[in-house]
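The following block contains the structure, expressed as C-alpha cells.
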C-alpha cells in the first residue's frame, strides 16, 4: 500500500493543490450554511492528503515531483515535495483542522438568515488560505510561487478585518501595503533571475547558478527577493504591520495568520538561500539574517513584556519567535557545522529550525485561540484584569501555559528540542553569541508569560465575572493543539529523518539529549 | 545605447521612484499609486528581458514566457489595487481618515 | 542616434516625467490623472518592446480600469486630505531617497550587465506550440505550458472578490455593490452608455477569439467587457447584481472551475494534470478561454463595483 | 519616401504634439484641465497607433488602438461622472486637522 | 494603388496632424478652462477623423476599414460626451475643491 502511495505521489501533490481550490469554489457558489459544511468536510480529506504525502516521501525516501501539463521545466511548471515541504503541509493541515473545529462556534450563520458576511468570508478564506499555503509549500517555479504568495496575501488580508472595526481596517490596509511591496520585490528578483539564467525552476536555477561565475543579476535578485519576503515574514525591522494585524483579527483568524501565514514567506527565504543560491553567497547572507533574527528575538520579547493586552502580547511574541527561525542560516550554512559526511544526516540546526517552525505553529495557534476564549468569556483581554481567570477557565489556562512552555523552550516540549538543537549547533560551530541570544530570548519569553500566568493564577480577589460561558469542546481543541507542540519534544529525534529527505543539508550531529 | 537598454533603465528608475513614493508619501491613496508605479517598473524590466530574449533568436519579437507572466502580474496588481482601494474607502467611511498611521495614533 | 532611439528617448522622458508628477503632485486628483496618462504611454512602450499582448492588457487594465478605481477614491477623500499634508520628515526622505536610488542604481547596473546573448525560452515555445493548436505563443504559455499560473491567477480574482465583499458594512451583506450607484445624469452619458457597449462587446469578443492566433485573449477581452459593464452601471442603465445571487457566483467561478475540470480530466485523458489530449487541444482551450473571459469580465467589473451595501447607505455615506 | 515612412513620421509628429500638451498636467490649474491633457494624449495615442498599425501592417496594433480608445473614453467618463458627486462631509471626530502631525 | 489615393492619404493625414497641433496649442494657450475645452474637443476629433479618413484607402476591406471607423466612432462619441460633462464639471463647484488655486491649509 505504501509503495502505491509513492507511485501515485505526483497525483497526491496535484490533489493537495486543487482540493482546497475546488472546495473553495463550491463553498463560494453554494454559500450560506453550506460554506461551513464544505470547509469542515474538507478538513479531514486535506489532513489525509497531507499525511499521505508525508508517508510517501518518508517511505520512498525521496522527494515527490511532478511536471504539470506534462511540460517539463523550464517551459513548464513543476511541483515538488521534499521532507520539509511534507512537514509544512502536515503542520498546515493539523492547524487548519484545529482552527476549523474551534471556529465553528464563532462563525455560524445566525438563525433566520440564509447567509451572513463573517461566516461566509471566514470559511471561504480558510480554504483560500489553505490553497495558498499548499501552493507555496509545493511550488518549484519562482513565478508560480509568486502567484502562490499573492493568493496568500488575498486570503490573509480580509481575515484581519473580519470584524469590520476601524482599527482592524487600518491594520489590514497597512498589512496589505507591506505584503504587496514584498511580493513585487520578490517578483522583480524572479524576473532578474529569468533574465540571467533563462529559467524559473528552482532546481535548474541552482544548477545554472552553481555552474557559472555569479551573474550580478543573481546577487541583486537574491537581495530583492529576501527583502521582499522579510517584509512578509515581519522580521525586525519590517515587523510593524504584524502586531495590529494579528492581534486585531478574530482569534481563529489570528491563529491561522500567526501560525501559518508568516511561515510561508519564511519557507521561501529558506528555499532561496539553501536551494537556489550558491553556498558561498549564502554564508555571507546568513550572518545578516541571523543578526536581524537576534534583534527580533530581543526586541519582540521586550515589547511583548510591555503590552497591556493579551492578544498584543501574543502577537509580539510571534515577532520574537520568528527571530529564532533566522538563526538557522549561519548554523546550517557554516562549513564548520558539517565537517564529516556521516554527521550530515544526524539532527542538527536544520532539524531544530524545522521543529521551531512546527512547534511554534501549534503553540501559537493554541495561544491565540486560548486568548480568544478568555477574551470571549471576560469580554476583554486586558492582562491587568485577568486575575482569577485560572479558576474560571482552568483548562484554557492550562493549554495556554503548556503552549507557552513550548515557546519558552522548557523541556520536554517541541520548542525545547528546537532551541536545544539550535544551541548545540551554535556551540559546535563556535558561534557562541547566538547561544546568548537564544538563552536571553528564552528568559524574556518566560518573563512575559509569567506576567500573564501570575495574574491569571492569582488567588486574591473575587472570581472574575464571565460574560459568556466557555464551550468545553473548544477548550479541548486548544488543549489538543498545545499538547501537540509539547509532545513533539518527546518524539525520538531519529524519527525526524523526514525533515532531511530531499536536501543535502549540512547538519551537525549532536548527541541525543 | 539601444532602445531596449533605454527602457530597461527607465524601468529601473521607475522602481526607485515607486519605492520612494511608497515610503515617503502621506496618505494611503498616494502610496497605492506609488505601488502601481513600482509594479509597472518591475513589469517594464521584465518586458526588457523578454525583448532581449526575443531579439536574440528570432530577430524580432519578444520571448512569450515573460510576456505571459507580465499579463498575469498586471491582472494580479489590479486585483491588489482593488482590494487596497476597498479597504481605504471603508476606512474613510468609518473614520474619515485616509491613512493607517493616523488611526494608530488615535489608539493611544 | 537613430530616429527610433530619439522617439524612445522622448517616450522614456515623458514616462519618467509623469511618474515624478504622480509622486510629487499636490492634488490627489492630479496625481491620478497623471497616472492615467502614464498608463497610456506605458502601453505605447509595450508596442515598442514588441509585446502587443501586454500592451493590450496594459491599455485595458493598467490605465483604464485602475484609473477608475483610483479616481473613485480620490474624489471621495475629504477636503483636508486633498492637499499635501505636512511632509514626511527630512531624515526619512533622505533615507528613502538613498535607498531608492541604491535600488534603482543596482537595477540599472543589472540591466547593463545582463548576459549576452540573452537566455530565452522563445525557441522552446515555438517548437512546442503546434501541440496546442494555437498560433499565439503568449496564449500558448498562458493556457498550456504554464496553465497552472493562469488557473491560480483566475482563482486570485475569486479571492479578491471574497476579500472586497467581506468589507461590506453593517447590513450590507446580500445587497448590491455600492460604489457605482449612479448619480442623476444628463442624457449625454446615457447615450454614450447605450452606444459604446455594443461596440465594446464586439471588441471584447473579438479579442478573446483572436487571442488563439494573434495578440489578445481572455484577460484583454474580459477587461474590455468589464469596462463596458461598468460604464452601463455608472450611467444607471444596469444595476450591479446583489452578491447573494447564485448565477453571479457561478459566473465568477465558471472559468477557473472549467479550467480545473479539464485539467483534472487531463490526468486520465492526456497523462498529466492540466495536459490536453492533442486531438482536442484547440477546442478545449477555446472553451476554457471563453469561460475565463466571462469570469474575468465579471470579476473585474465587480471589483470596480465594490462591497455590497444596504440601499440606505447611499444617504448615510459618501 | 514611401508611404509607410510618411505614416510613421506622422505618428511621431502627432505623439510629439500631444506630449507637448501634457505640460497642462503640470500647470493645471484645475483637474478638468489635466484630464483634458490626458484625453488629448489618449486621442493622439490612438491616432499614432492607427498610423503605426497601417505602416507596419500589424492588425494587432489597430486592435490596441481600439482598446485604448474604448478605455480612454471610459476613464474620462468615469472621472467626470464621479466628480459631480457632492463632497463627503468631514467626520466629526476628525475635527482638529490643524493639530495633525505625522509620526 | 493610384496616385490620387496616395495623394489623398498624404493630404488628409497632414491636415489631421495639423489639427492635433492646433488642439495642443489651444490647450496650452487659451485663457480659461472652457475655451480650452472647446478648442480641444473640436481639434482632436477632427484630427483623428482626418487621419482615419486618410488611412482608409491604405487598409484591407472590410475588416481593417471597419475597425478604423469603429475607432473614430468611439472617440467621437466619447469625446462629445466627455466634453459636455467636463464643461458641466468646470462650471460647477464640484471640482473647485481640487484646483491648485485653493490656498493650502
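Each chain carries a letter (A, B, C, D and E) given by its place in the written order, and its residues are counted from 1.
Rule of thumb we're sticking to: a residue touches a chain if its C-beta (ideal position, glycine included) is under 8 Å from a C-beta of that chain, and two chains touch if they have at least 3 such contacts.
Keep in mind it's a predicted model, so treat the numbers as computed, not measured.
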Exercise. Minimal path length between subunit C and subunit E through chains that touch?
Worked result: 1
Problem set entry | Partner chains shared by subunit A and subunit E (touch criterion as defined above) | C
Problem set entry | Contact-graph distance - origin subunit B, target subunit E | 2
Exercise. With chain centres set to the mean of the C-alpha atoms, which chain is at the far end from subunit C?
Worked result: A
For this session: Give the label of the chain whose average Cα location is farthest from that of subunit D.
Result: A
Problem set entry | Distance between chain centroids, defined by C-alpha means - subunit B, subunit C (Å) | 12
Exercise. Measuring from the mean C-alpha position of subunit A to the mean C-alpha position of subunit B, what distance in angstrom results?
Worked result: 28
Exercise. How many Å are there between the centre of subunit A and the centre of subunit C, using C-alpha atoms for each centre?
Worked result: 31
For this session: Enumerate the residues of subunit A that touch no fewer than two other chains.
Result: 75, 143, 147, 150, 154, 157-158, 161, 164, 169, 188, 192, 194-195, 198
For this session: Spell out, as numbers or ranges, the residues of subunit B touching 2 or more other chains.
Result: 15, 26, 32, 45, 49, 52-53, 65, 69, 72, 76, 79-80, 83, 87-88, 90, 92, 95-97
Exercise. In subunit D, what residues contact two or more other chains?
Worked result: 28, 31, 35, 37, 59, 63, 66, 70, 72-74, 77, 81, 83-88, 90-91, 94, 97, 100, 102
Exercise. What does subunit C use to touch subunit B in their complex?
Worked result: 4-5, 8-9, 12, 15-16, 19-20, 22-23, 28, 31-32, 35, 38-39, 42, 45-46, 48-51, 53-54, 57-58, 61-62, 65-66, 69-70, 72-74, 76-78, 81, 84-88, 92-93, 96-97, 99-101, 103-105, 107-108, 110-112, 114, 117-123, 125-126, 137-138, 140-142, 145-146, 149-150, 153, 156-157, 159-160, 163-164, 167, 169, 179, 217, 219, 296, 299-300, 303-304, 306-307, 317-318
Problem set entry | Residues of subunit C that touch subunit D when the two form their complex | 3, 7, 10, 14, 17-18, 21, 27, 29-30, 33-34, 36-37, 40-41, 43-44, 47, 52, 55-56, 59-60, 63-65, 67-68, 71-72, 75-76, 78-80, 85-86, 88-89, 182-183, 185, 189, 192, 196, 199-200, 203, 206-207, 210, 214-216, 220, 223-224, 227-228, 230-231, 234-235, 317-318
For this session: Provide the residue numbers of subunit A that touch subunit C in the complex, in ascending order.
Result: 11, 14, 18, 21-22, 24-25, 28-29, 31, 66-71, 74-77, 114-118, 120-121, 124-125, 128, 131, 135, 143-144, 147-148, 150-151, 154-155, 157-158, 161-162, 164, 169, 188, 192, 194-199, 215-217, 220, 223-224
Seminar exercise, completed: In their shared complex, subunit A is touched by residues of subunit B numbered 15, 22, 28, 31-32, 35, 38-39, 42, 45-46, 49, 52-53, 65-66, 69, 72-73, 76-77, 79-80, 83-84, 87-88, 90-91, 94-95, 97, 100, 103-104, 107
Seminar exercise, completed: Counting only contacts in the complex, subunit C reaches subunit A at residues 103, 106-107, 109-110, 113-115, 118-121, 124-125, 128, 144-149, 152-153, 155-156, 158-160, 162-163, 165-170, 172-174, 244, 246, 249-250, 252-253, 256-257, 260, 263-264, 266-267, 270-276
